[in-house]
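The following pair of complexes shares a single chain, chain A, combined with chain B in the former and chain C in the latter.
Up next is the complex of A and B:
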């Protein structure tokens, strides 16, 4: 294929052999030995510009062949360009295939894109901020003047170091529409982002890692973020149904009031026997009256009457109040809940050992309500948190990514990073 | 990636159902007074 087009001639400057890889197409070639710019439009091989540059190594050698998009391309030309501000540099490899023509492999900050020239007429100007192309909106990202800094290989147009073009890049990741304008023409090209691994695999080269974020680099989770959110919402609904269905019916199985008197304040009390038909949680709702500027600690033991199992917990009830600087204050509560988790089925009673603070002559009443199958909403909310952690992360990271992308542009719209481009 | 996330969600929902059926309460982790532990039954005859 491409090899059939090769033609050789001697450099008119140094006499070295120059190979034309796209003979018949190339009008400019650079001698690989002395870097002299040669007119190859005809066989006179006129010198356009004598050697003024040293030969530079490129990531993809001239003549290297590689398959991209199912088409075998040969690298025949190489251009280094820089922005007139001197801030941005990029490289363009000219690829050739005798059946498919030319493509450009563009590299900036070690990000790669494959570009093709758009040959149809597109009614745009260099000053448009958005372009609608093929029904897709492209937003302006760069607009400046590019200068050719170095050339190597051969080209189907006249090119030399110092050539300048006005240009504008419009993005709709992973695509980028680039417009170049000089005195003769306006050229539009469409490029598509490629992973460095694709280039490495195609041309058998080793490339440095990417730096920063490219203008047309696809955002993370591109195309899957909305699906992930949809899965999350569906899971939420299912989790709600499962939560209601798996919790069982809540039931109060015992209510007991103990009278803690000064003369029996360290005595243990026991509820009556209650039955737990299946493994469950058990809530003990305790309250104490009177409990004013006082406290009572309750050691609770859930004792099985049928096995060797016992479950221990403690509960502190305390309530303080007063007035300070004309303002009332209070602290603590006269009631609270304690939970026993995963209690085996069987007959149980609750043994209580109270440790009260100060007791008046009438003592203190402690009421305990024992409930089984308490619906654990904390389980549900923990599941919700874990379900939505990943979708929220994808959205936040996406927003950050877009923010970093547009940091490199003078045309960052305020709304970038919103949910517009999946 | 979506299928891995979907599998993760299925596992979570299964865990939620299991924890509820077994009587576990996630919130107890953060409440020292509400945590119970199993011990030898000194009251068993």
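Up next is the complex of A and C:
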């Protein structure tokens, strides 16, 4: 049996035809022609209030249908509310489906949430700072009084401009538990954050971009934050194993001792030719003896015999010691390592130009050991930085986000950013 | 199932449930009361105002292991609106009701009424509202809270019901709510209380068939 079409009646004020989309439920309707508030609880259609308000356009027109969460809803009512402080404004659309009942679509600062009244006896008062609901903790965000500023469409309760309700909002993003209290009753409702795109898609409308951060807006990387860290740690482990495994066995390819004589102290020396079969990192371990309260600078050049490749580095060896106030002290070291990274394969010699401090009559011995397949830890640490840059960024950004969120609340907790509530 | 001839128009009046004693003839809208042997007409029922209820006489559904079929309805009005109470014929023969208000559904069954003191408080509260709403009541061993209490008037009825529900029948109707969505209701008629206990249910849960269809839905 097909139900009747939408119920209509004539406005008792202007005579215009008014449709009732939720007949039997709606007790208040606003004439679409003259904005008169009409009592629709029974078929007498009494005038409650003649209105001189102009009709306002809404993002979602009355009578528009859209699917949210797999259920088709029709927008049948619209309320604009303002906080008594005059600082906050928001809109509530009343959605109806003859089988699923009613929902509320709430919009503030162009952020949207879908809300539903909770039919459960939850022992709460407006003064609670936290509410445990379904095992989840909700923290108070706002507490104030709301005033109805504008109404349009039809409603299953008595409503008119100027109606006031005390209210409190409690958040556990993306959910928000709202409490409204008037003389008769406390009403609890649960809302869930929606992306504007979901509303746009559902109702075929286009909406302005969101402003600021909504009380129940999910934090960035919500739900994936722990995964991001897990991926980073796994990547690090892989990088570590690869790093250990990639460079093969270390091998000393040349050891040479030079004698630096006082009469010819800056004469350059060359090692014998050694072969680097693969691209590699090369370590030059230098040491000097004797080196007592003295120094020597070594300019090192790795010169290819087979190509024009040349790699330069310098190494300073210095060692000082003494006795002061009965204590022995020393500074520097007689040996040191220098690295050449990513050296091309080929035959090489190491050319050394020494610049010693003072030389005794016997000069100084400089010993150089050249090793290939040396692991370059600097590469590894660079990789670590790279791997963790994003997770660290996500965590910092999230802290900042929570800080900005709670800026809008008088009840900001101290350490919200640390909560891991994914 | 018992069949009678309507004392007013002669058409067949069927009582699907043994619990039903009252029916509205669907042909002539006569209100028919069933006695042991025969039926009596007690006047005419005006047509019910149209609404968007998804249910109708004959809608079948399911609740906690029992199939039910809706056999009658009372439409109840109060100062700020109206709701439907659908009388169910259940497989297990209990007196079940499906309450439908503001898009919420609750299935409940008749249970022992609370002490008469409760009725006194409810009636006193109507005259002089105090702390009755918010007080607690144990009904069928469940602790419930009074969330709503109002003067209710029967706007009309259709199908069959376990008691006569003519237009204008006035009760005080008290709604109760439990921590897990338990639903309770106490109806107070002069000198008499009827109590019902059950819970709120989702539309999907009821698995209804033979429901009303609406254009565009």
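Convention: the second predicted complex is superposed on the first by the 319 of 422 C-alpha atoms of A that agree within 3 Å, B and C clash if a C-alpha of one lies under 4 Å from a C-alpha of the other, contacts with A are read in each partner's own complex, and residues count from 1 in each chain.
Operating definition for what follows: contacts are C-beta pairs under 8 Å (C-beta built on N, C-alpha and C of every residue); 3 or more make two chains touch, one makes a residue touch a chain.
Every value quoted in this text rests on a predicted model; they were computed, and no experiment measured them.
Of the two partner chains placed by the overlay, only chain B lies in contact with A:341; chain C stays clear of it.
Chain A has more of its residues touched by B than by the other of chain B and chain C. By the touch criterion defined above, A:397 reaches neither chain B nor chain C. Once chain A of one complex is fitted onto chain A of the other, the partner contacts of A:90 are absent, as it touches neither chain B nor chain C.
Once the two complexes are laid over each other on the shared chain, residue contacts for A:121 go to chain C alone; chain B is not touched. In the superposition on chain A, A:281 makes contact with chain B only, not with chain C. Of the two partner chains placed by superposition, A:295 touches none, neither chain B nor chain C. In the superposition on chain A, A:307 makes contact with chain B only, while chain C stays out of contact range.
Of the two partner chains placed around the shared chain by superposition, chain C is the only one that A:72 touches, whereas chain B remains out of contact.
Here chain A touches chain C in the complex through residues 1-7, 22-25, 27, 41-43, 65, 72, 96-102, 117, 119-123, 156-158, 184-185, going by the rule given at the top.
For chain A in complex with chain B, the touching residues are 221, 224, 227-228, 231-232, 235, 238-239, 242-243, 245-248, 279-282, 300-305, 307-316, 336-343, 351, 373-383, 386-387, 390. The touching residues of chain C, counted against chain A in their complex, run 49-54, 56, 77, 79-82, 84, 102-105, 133, 144-145, 147-148, 177-181, 183, 200, 203, 211-217. Chain B meets chain A in the complex at residues 1-2, 5-6, 8-10, 12-13, 15-28, 33-44.
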